[in-house]
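What follows is a group of structures, each given as structure tokens.
In what follows, chain A forms one complex with chain B and a second complex with chain C.
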Partner chain A sequence: MTSFSLQHQALEPSWFAALDPRTRLLAAVFFTLSALCLSALWPLIALLALALLLTILLGCQWRLIIKRLLAFEGFMVLVVLFLPFTVAGKPWFAIAGMEASYQGVIQALVILLRGNAVVLALLALVGSMEPVKLGYALAGLGIPEKLVQLFMMTVRYIGVLFDEHQRLRTAMKARAFVAGSNWHTWRSYGHLLGMLLVRSMERAQRISGAMRCRGFNGKFHLLTPVKWHRRDTAVLTLAVLLFLLPLEWQWWQYGF
Partner chain B sequence: MVSENIKQRDDRVTETSHSALLKVAGLGFAYAQKPVFSEVNFELYPGDRLALIGANGAGKSTLLRVLVGLAKPNSGSITAFGQHCVGEESFQRVRQRMGLLFQDSDDQLFCPTVLEDVAFGPLNQGLTAEQAIAKAQTTLTSLGMAQFAERITYRLSGGEKRMVALATVLAMSPEILLLDEPTNGLDAAAEERLLQHLQALPQAMIIVSHDRAVLERLANRAVILQSGQLDAAVMHRHPHQHAHEHLHVHPSSEVEAGKHGAKEHH
Partner chain C sequence: MAHIPEGVLSAPVLITGALVTTAAVAYAIRKLDYERLPQAAVLAACFFVASLVAVPAGPSSVHLLLNGLMGLMLGWLAVPALLVALLLQAVFFGFGGLLVLGVNCLNIALPALLSYYLVSPWLNKALLANNRRQLFMSGMVAGAIGVAGTGALVCLALVLTGPQYLAAGKIILVTYLPLLVVESLITGAIVGFVAKVAPELLQRQLPQPLVAEESHATN
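Right, the complex of A and B next:
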């Protein structure tokens, strides 16, 4: 039985793992901001190269990165296919009477590059982090405690729910269930989902009971162990300067 | 039945001079109009280790839930630590002193790390963060789990989860422990470790278990819940003197090598 994990186990260098998780989160935010400000092709390619460099430097596992990128690329394919035909501008070529414009192609390329750069950087900077650490980082950045707790609970129980789902699936398979395109399949999946919902509900009630047993009265306590060091300031400054480089290139070459 | 119980209690009072930690009288619970149990009477005294036995679905877990106020009884009264318990507020006070160990530790451990989970109860009791962490660490150390403090709860094994769940309960310094199938789903080594720690604890306990060996080691008194009634039960052991065959399981390679001769087959 495979177990479910939100984290792709990165082989991150120890200096990187020792950083305050907020540094990594903030670096990712600045990277995204920089990507959003870029609209010229070559600076965007430079940013994508930067993201690739980060991925290599921080020792990510390519198999996992590619697997996660593919899920994202499925969405990107639609953008690349439709944008050239829907953006008005100078016509470039025509397929079956529909004209593709230069502007549309460029716009599709920009979105493709920007999206991939951001996703790669996020996977390298945040995706390699223990999800719990991400929760601490969010709390440390002043995100409302209720939202952080919601996130922490999700992290805690998504695996438990996944296991429950797997057990039900195995039980179905053990009784010779094979998914097909028929009414029986849909009904069975309906039962599976319904059962999962009922069980989640019951588990939620048991958890809430257990919390009340330990004196829970609506107040959550987060013993946040994040500490900002001087090296975090240094790394974040360096990262922000690095991420600003393509932006400066764009301003210098193409204006605002 | 009732008068018998009272007489029994009087005997206990003169005998121990302690007053009951927990007194349950005429307790009844129904689920969707279907009665689960009724007229349940019993008392728990300091030092009592009460085995609560009964078939699947007899309502043992429900009774434990009723005792800490997680389920509302239809009739009867619960008196804990000399206080009559009615309503959520009084049960909130009871839960500070009566710890329930859940059957599934995944229900009990909801915090990101072990230390946070164990400190959750003490924090709710009003301790400061430092005090709560200190308390959590002491509790973990007393169970030999100190090195697990920084671990992520959902990455623990089943046995480790159960020990941490016990730590979360003990960190609140309860006077009564309610154990719902404490050894359920544990392997032999984890079970042995848990039982050793449980045996060494001073608290009064109510233990629900189907495992006779577990009850034999933990309990000194027993009640049985059957067809909705709670009756006193007798735990006894007697030597069996009968010849019988044992099932022996040896690796076939060892048998072929002649390691297990006929003399071994008593």
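Right, the complex of A and C next:
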């Protein structure tokens, strides 16, 4: 049985690991904003290069990153596949009688580059962080307390329920269950998930009871409150300036 | 497939999605009392884990959404629970993104609320009558509402961004068909199972007893 971890393991440099989690989250937001404002090809390639640089600098493991990128590429390809044929513009080439426009190809490329750059940066900046730290960041950014508590408890129980699910799967395997495309499989999965739900709810009731008997009054105490240092200001400023560079390039060269 | 990646949608769509989601979450959070916090969290985790399971469907496999079922079991609380699950998927798995989170949450939470309002009364009646067939059917309809609603909203978000996405939207709708079939069957099976084993979980507005004696140190 493998235990489940949400975040991917990265060999972060120590200065990066010591940063306030809010810095990392805000940097990811600024990166996304910059990417959404870019619409010229070359500045976007620069932004993607920046994202790649981040993944390398922050010690991400390529195998994991590529696995996660591939999972999201399916939708991406589906979205941009028809753009060359549906965007009006100068015809470039034709497949099976459909004319592809030059502008459409460019737009498809822009969206592909943008999406990949954002995912890479997000995984590098935030994806390697412990989920609990992300919860601290959310709390520190003024997200309502109940929502943060919901987040923290969800993170806690994903691991527990994943193990529970694995246990149930092992039990099914021991009874010679083989998944296929048939009603038996789907009904069995339904029963598996139903069992998981029933056990989750029982667990939720035990947790409620446990919280009550420890005098829970609606306030959770975060163990290590986040603290903003001067280096956080410096890193965030530097990151924002860096992410703005492609935008300025676009501004000067293309004028939008 | 229910997660629209960052960088596709236009700014007005993103902003509308974010505003509506914020309003819905704010409303739901007001309703969330601390008694039900563990319940919402454990269910959010449960649905997160369920979404990791690849279910065979014909030549390929699908990942369940289960938003219809989530609406049945959580009502309005499904909105913040889904938001948390989607944030985790965006940040740690790269599905969706931070700025598109509002739209993605709306796409999945709105059908959940729809199934809550449309199917819950029917489900309650079936529970009272203990009609197995009706129970299965109501689960099936909830699953179908969840998937079809999400598919339609994803398509709508794309088309509102620009008419050039109409073709892609249609193809995406077609890719939802196997999920629609599998999810409605599985949701039907889940509702049937839960109705047999722990019917109190499906009953709406029934006070959940808090059993303090059962608390263990392991929690």
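Just so we're on the same page, the second predicted complex is superposed on the first by the 248 of 256 C-alpha atoms of A that agree within 3 Å, B and C clash if a C-alpha of one lies under 4 Å from a C-alpha of the other, contacts with A are read in each partner's own complex, and residues count from 1 in each chain.
In the analysis below, contacts are C-beta pairs under 8 Å (C-beta built on N, C-alpha and C of every residue); 3 or more make two chains touch, one makes a residue touch a chain.
Please read all numbers here as calculations on a predicted model, not as lab measurements.
In the superposed model, A:Gly127 lies in contact with chain C only, and not with chain B. Using the contact criterion defined above for the overlaid structures, shared-chain residue A:Gly209 touches chain B and also reaches chain C. Touch criterion met: A:His221 reaches chain B, while chain C stays clear of it. Looking at the superposition, the partner that touches the larger set of chain A residues, chain B or chain C, turns out to be C.
In the superposed pair of complexes, A:Gly194 makes contact with chain C only, with no contact to chain B. In the superposed model, A:Val160 lies in contact with both chain B and chain C.
In the superposition on chain A, contact is made by A:Ala71 with chain C only, not with chain B.
Contact with neither chain B nor chain C is seen for A:Gly255 once the two complexes are overlaid on the shared chain.
Judged by the touch definition given at the top, the superposed model places A:Gly142 against neither chain B nor chain C. Overlaid on A, the two complexes show chain B and chain C touching the same residues of chain A, namely 153, 155-157, 160, 203, 206-207, 209-213, 216. Interface residues of chain B facing chain A in the complex, by the touch rule stated above, are 65, 68, 70, 92, 95-96, 99-100, 102, 104, 106-113, 115-116, 119-121, 123-125, 129, 132-133, 152-154, 168-169, 172. Note for the complex: chain A touches chain B at residues 130, 132, 135-136, 152-153, 155-157, 159-160, 203, 206-207, 209-217, 219, 221-223. Interface of chain A with chain C (complex): residues 6-8, 28-29, 32-33, 35-36, 68-69, 71-72, 74-76, 78-83, 85-87, 104, 107, 111, 114-115, 118-119, 122-123, 126-127, 131, 134, 144, 146-147, 149-151, 153-158, 160-162, 165, 179-181, 183, 185-187, 189-191, 193-198, 200-201, 203-213, 216, 218.
Within the complex formed with chain A, the residues of chain C that make contact are 1, 3-8, 11, 14, 25-26, 29, 32, 34-35, 37-46, 48-50, 52-53, 55-58, 64, 66, 73, 80-81, 83-85, 87-88, 90-95, 97-99, 158, 163-168, 171-172, 175, 182, 185-194, 197-198, 201, 208-217, 219.
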